[in-house]
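Below you will find the structure I want to go over with you.
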Amino acid sequence: MLWFASDYMEGAHPSILEKLLETNLCHTAGYGGDEYSQAAREKIRAACQCPDAEIHFLAGGTQANAVVIAAMLAPYQGVIAPETGHINVHEAGAIEAGGHKVLSLPQQNGKLRAEDIGQCAGAYAGDANRDHIVMPGMVYISQPTEYGTIYSLEELEDISRTCRRYGLKLFLDGARLAYALACRENTASLADIARLCDVFYIGGTKCGALFGEAVVFPKPGTVPHFFSIVKQMGALLAKGRIAGIQFDVLFTDGLYRKIGKAAVEQADRIRAALREKGYQLYCEGPTNQVFFEIGNDKLRRLSDSVQMSFMEALPGNRSVMRFATSWATDEKDVDRLIALL
Amino acid sequence: MLWFASDYMEGAHPSILEKLLETNLCHTAGYGGDEYSQAAREKIRAACQCPDAEIHFLAGGTQANAVVIAAMLAPYQGVIAPETGHINVHEAGAIEAGGHKVLSLPQQNGKLRAEDIGQCAGAYAGDANRDHIVMPGMVYISQPTEYGTIYSLEELEDISRTCRRYGLKLFLDGARLAYALACRENTASLADIARLCDVFYIGGTKCGALFGEAVVFPKPGTVPHFFSIVKQMGALLAKGRIAGIQFDVLFTDGLYRKIGKAAVEQADRIRAALREKGYQLYCEGPTNQVFFEIGNDKLRRLSDSVQMSFMEALPGNRSVMRFATSWATDEKDVDRLIALL
Amino acid sequence: MLWFASDYMEGAHPSILEKLLETNLCHTAGYGGDEYSQAAREKIRAACQCPDAEIHFLAGGTQANAVVIAAMLAPYQGVIAPETGHINVHEAGAIEAGGHKVLSLPQQNGKLRAEDIGQCAGAYAGDANRDHIVMPGMVYISQPTEYGTIYSLEELEDISRTCRRYGLKLFLDGARLAYALACRENTASLADIARLCDVFYIGGTKCGALFGEAVVFPKPGTVPHFFSIVKQMGALLAKGRIAGIQFDVLFTDGLYRKIGKAAVEQADRIRAALREKGYQLYCEGPTNQVFFEIGNDKLRRLSDSVQMSFMEALPGNRSVMRFATSWATDEKDVDRLIALL
Amino acid sequence: MLWFASDYMEGAHPSILEKLLETNLCHTAGYGGDEYSQAAREKIRAACQCPDAEIHFLAGGTQANAVVIAAMLAPYQGVIAPETGHINVHEAGAIEAGGHKVLSLPQQNGKLRAEDIGQCAGAYAGDANRDHIVMPGMVYISQPTEYGTIYSLEELEDISRTCRRYGLKLFLDGARLAYALACRENTASLADIARLCDVFYIGGTKCGALFGEAVVFPKPGTVPHFFSIVKQMGALLAKGRIAGIQFDVLFTDGLYRKIGKAAVEQADRIRAALREKGYQLYCEGPTNQVFFEIGNDKLRRLSDSVQMSFMEALPGNRSVMRFATSWATDEKDVDRLIALL
C-alpha cells in the first residue's frame, strides 16, 4: 500500500525525535517558560524579522483557530472566511461554539479576494440596521489554502490593506505554511506575513512535528492575558517544552524550509505525471497537495494500492481525489505511484 | 540545583521515546483511528476490567476536565467540586467558560464527603425555588487529590452510591492516578474506579508521558458524539497515534504502576526524613507529593539548592511547601535533598 | 406623516390594555404561575387542538429564537435556516453566541424547500468525515417568512416529513403568525402547525401585544427543565402575568385572528393599488407586508409623507421597499397612501 | 388572604397604565429610538446628575445582570459578589452560562466589605500562578441587598475606591433601588451611585412597573456596541417605548421616590409591630422587606391567612420568613396583618 492520504500519517521528522531524546532528562519549568521554548521563539522571531513578536505554542490547528478567534473578537463580531475555509467546514463548529459567526464569502481556488472583503465590510458599515447584524471583526485566510493554492504577496498586501481600512484583524492559518514558503511560485515570505497580519500561525503538525502550531502576534500584547485564555480553553501544555523543542528544531538550520521543499518536489513530480498521463488537475496549486479528477472505475482499481483522500463527487461517475506529500514521502513510493497512474 | 517542584519537569519515560522512534515511519490513519491507539485502548480496558469502555486520548488535564464536564452537563446543571479542586481554582475559569457553575463544597484533606454531596443534592431537590438555582448534575473528585491524599475504596463507594441516588454523574480526575494506584495505602483499583464512576481519566502528563490523558467512559455511548465535541473544543489530535503510542507503552508490562511506585518510594523516603528531622507534615498523603511546613528563614536557604512549590503562607513566618517526585526522580538527588533538610 | 414602516410602531390592541387595567390590583404568583397565564395556556392549547402542549411566554422574537434553539440543540449540532432567515441575518449573532452554527440554505421567496433540507441532512449522513462537521439538528422556518410569503400545508407536511426522516427538530418562528393564519391563501391551521412542528411560537409583539411570544411545545417535556433555561438566559418575566394576560386576551373571542385579518385586508388594498398603478411587486406574499420596487426619485418624494422600510437597492436607481400594516392601521391612512402612490 | 409574599404580585402603578393608554396610538420608531424612551433617559440623567449617561432599558433583573456582566468582563475575568448575591444564588447560573465565574465572598447582612474585596484582588495580584486563576474584573453589589439592608454612602465610597485601586469595575444591582432611596437611613443618592459606579440599574419590575430595568452607564461608551450585545442576548425590546414610557412616568413628579416611600412606611409599621410583639427580626434592614423568625406552629397558622416568603429553616422548629411591601400594599391589609401577628 502506498500512503498519500495526508501529511500527518507518520511520526515526526527524525531530528525532532533526536532532540527530544537528547533533552529528555533535563529539568525545566512548565507551561512554556522553559529555555527550549524561549530559544524556539527567538528563532521564529528572527525568521519573521519581527524581534518583538509574542509567540505561543498550541497543540493543533483547530485549537489554534478556536483560541485565536475567540481571543480577538468582541462578542458582537464575526470572522470573514472563504466558504471552503477550515473554520467554516471542518472544525465541527468550533468558532460558533466560541460564540462567533463565520461570515463566509465566495472563494476562488480556495482564496478570498480583497474586493469581496471590502464589499462585505462596506455593506456592514453602510447598513442602517447594522446594530442588528454581526459586525465583521476579522478576516481568516489560510496559506496555503484548503486547495493547496497560495496567495501572492500582492494579494496579501491587498487583503491586509483592506483589513486595515475597515478595522478588521487579519489572521492567517499556516497549518501547512512550510509548503507555501517552499514552493517556487511563492512571493510572500514569513517576514511579509508578519508585517501584513495581526496574528498567524506556523504549522507544525502537518509540517513534520509530532504536533504543535506556533501562534505569532507580530505586535506583543495584541491580546491582553492571552496566556490565561489559552489556559481557560484547555490549550496550555503542562510540558510546554515538548512543543518548544520541536519548533526549536524546525527553525534550526532551515529544517522547516527543507521539509517543505522535499514535499513540494515530490508533489511536483506527481503533478507532472498526472498532466502527462492526461489527468485533469483540479484547483491547481503549487504546494504539497495534488487535486485531480479520475473516473470512478479507475479510482477503485487505484484504491487497492494507494491511500488517498476523497474530496468531491463529480457528474459522470468521476471524483476529485487528493494526494498529499510530506517530509516522510519516499521518492521510490512516488515512482511507484506514477507507475500506477 | 535539585528539582522537586513538580512531576512534569522532564520529558517522558524512556520506553515511550523508544517506541516513538521505533514506530516513527509507520503510516497510520489520523485522529485516533490508528492501531496504536486501538492497542492502548484494549490494554486500558483490560486494566479496568471493563471490556466495553469507550476511551479517548486528550492532551492535558484542564482540557480533559473542560471537555468532559461540558459534554456531560445540561445547560442548567453545575458540577460539585471540593473548594480546593483543580477545576475550582487553577483552570482560569475553564468550566465557567464552558457555561457551568462550579458548586464548591468544603473539603477535608482535599476530599469531598459523600454526606456533604448528599446534603447539597438534597437541598436542591427540596428547594421550592429550585428552578431558579443551578442543579447539581455531576460530582468532580481527584484521585489523588490536590493535597496528595487518596479516597479509600469505601469512600469512593459511598460517594458513588450518593451520586446514583441523586442522579449525579461521578467524574474522577486522575491526572496523577499512577501515584494513587501505586501506594500501599490504596484500596481502590482501576477496576473499582471504572465500576464506580461515570467517567474518569488516567493521567499521562504527570505520570511519565510527554502529554496525554486517557478519558474512560466505562459505559460506551455515555455521551453521544463525544468525538465531535472533542473536535469542536480543539482537543482532537491530528496525529492521534502520538497519544495512543504513549498509553500503549504505559499499559504494557505494568509500566504505569512501576512509574507510580518508583515515585512514591522516593516520596516516602522524603516524608520519613522530614518526620525524623521534626518537620510538620501538612495534609499528609501517601502519594508522590509531600507537603510540609517550614520557617521562612530556613526556606530561603533551602531554596538556593532546591526547586520546590510554594503552597500557602502560614502565620508566624512559616510556609507550606511541596516536593513532588516522579519517574525521573534520581535516588541520589533524594539523598542530597534529605541531607539538606 | 403616514406610518407604514413596521407592525410594531404603536402600543397594544385596546382590549389588551383594558384587561391590564381591569386586573391591575389582583395579586398573583410570579414567573408565569398565575391564573391569567394558565388561562392563556388553556386557550392556546384549544386553538392548537393540542391539550397537552407545554407553553412558555417570552418577551420577544430574537429571545424566543435564541432560547429555543440553545435549549434544543446538542453542542455539536447546528440549525438549518434559509439564507434570509431572521436568525441568520438580523439577530446580531444570537444563535452563534449560544454556541451553534446557522447552516444557511438557499431560499425561494423566503422559503426553504423540503428537498434542500433532505439534501443537506443526507450529505451530512453520507460524509465520511461527518464527525468533523456540524451536524444538522434542527430546521428553522418562519410563517410567514421574512418576505411575507407563507408555506402551504403541503409544503409544511413535506418539510415535517423530511425532518422526521432525518431526526431533525422542526421549529417554526411565528413572530407574525396572525397574518399567515388570517389570509385567504393560508391552508395550514394552528392545529396543523402543532401537529407538524416540535416547537413553534405564536407572535405577540408584531401582532397586537405590547410584547410577548408564546412558545409552544406540542409534546410536553420536550426540553427538560426548559423553565430553568429560560431563567438562565434572562428571559423569565417576574410578572409573568403581564404576558399571560395579553395572550389570554389575544386568544379570547378570536381576537388574534381578527387582528390578522384587519391588517391583511389593508395590505391587500395596498397591493391592489400598487398593481393597478403599475408598480412591480417583489416576492409577492399574501400577508401584512407589501414589498415593491420603486424608482429612487419617486421614492424620495414618497418618503416626505410616508414612513416605510428600505429592503434592498436594485440596479437602475431603483429600490425594494416595504409597507407593513397592523391592527392599528387606519383605513383612511391607507386611502391617503394609495392616493400618494 | 393577605399578600405579602413579594413586591411583584400586582400589575403596575396606575400612572403607568394611564400613560400607556394615553400614548397607545402614537406611532414611534422601535428598539428604544422613540421619544418616550428619550424623555425617560433625560429624566434619569437629571436624577443622576449625570448629563452624559448612556441608558438602556431591559426587561428584568437577571437579564440586566447577565447582559451587563457579559458585556463588561474579558473572557479571563470573574465577578466578585457576596455569597448571598442574586447572581450567585438565584439566577440559575446565568453568569456562568455567559462564561464567567462568580467569585463569592463572605457577606455581612447581605453586604460586601471593601476590605474583603481588596484582599481578594490583592491575593490575585500577588499570586505567582495568577495566570492560571480567574482574574477579578468586577464587583457586583445590590442596593438594597437581598436582606433588605443598604450600603451607607461611606461604605459605597470605600468599595468604589477599592475597585478603582485594583482596576475592578463596580456594578450596582438596583432591582429594588426605590426602597433604598426612599428610606430615612439612606445616605447614598442616585447621584452618588452614578459617581461611584461604572454601571448600575434602576429597578422597575419590583418598584411599580409592569417590567423593566434602566441600565445606566454614567460614562457613555463604557461598552462599545452595547446595543448589539443587548440584541444578541435577546434582550432588545422591539416596542422599546413600552419600557421607555414606564420609566418616563416613574421619573416624573418624583413617582419613583413616592413608590419607595409608601412601601417603606408600611414595612416600618410591620417591623414596629413585630418588635412590639416580641418577634426576633433577622438581618434588620430599613427597606421594604421584613425578615423575621417565627416558630413553625405559629407559622402554619399564619400561613392560612397570609402569603409570605420562606427564607431559611432554623434549629428548634423555627423559620426565617419574609414580608414584602410595595406601591400596591394597602394600609388596611397591614392593619390586618398586624392584628394577626
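Chains: A, B, C and D, in written order; residue numbering restarts at 1 for each.
Here, a residue touches a chain if its C-beta (ideal position, glycine included) is under 8 Å from a C-beta of that chain, and two chains touch if they have at least 3 such contacts.
All of these numbers come straight from a predicted model, not from anything done at the bench.
Participant: Counting C-beta pairs in contact, which chain pair has more, B-C or C-D?
Facilitator: C-D
Participant: What is the chain whose Cα centre is as far as it gets from that of chain C?
Facilitator: Chain centre farthest from chain C's centre: B.
Participant: CA centre of chain A versus CA centre of chain C: separation in Å?
Facilitator: The answer is 42 Å.
Participant: Just the number, please: Cα centre separation of chain B and chain C in whole Å.
Facilitator: 50
Participant: How many angstrom between the C-alpha centroids of chain D and chain C?
Facilitator: Centre-to-centre distance between chain C and chain D: 33 Å.
Participant: Indicate the residues of chain C shared as contacts by at least two other chains.
Facilitator: 75-76, 91-93, 97, 131-132, 228-229, 231-232
Participant: Which stretch or stretches of chain B touch chain C in the complex?
Facilitator: Touching chain C from chain B are residues 70-71, 74-76, 131-132, 135, 224-225, 227-229, 231-232.
Participant: Contact residues on chain D for chain B in the complex?
Facilitator: Residue positions touching the partner: 75-76, 78, 89-93, 96-102, 128-129, 131-134, 310.
Participant: Could you list, by residue number, the parts of chain D that touch chain C in their complex?
Facilitator: Per the touch definition, chain D meets chain C at residues 1, 3, 5-6, 8-12, 14, 17, 20-21, 23-30, 59-67, 91-94, 97, 205-206, 210-211, 228-229, 231-239, 241-242, 307, 328.
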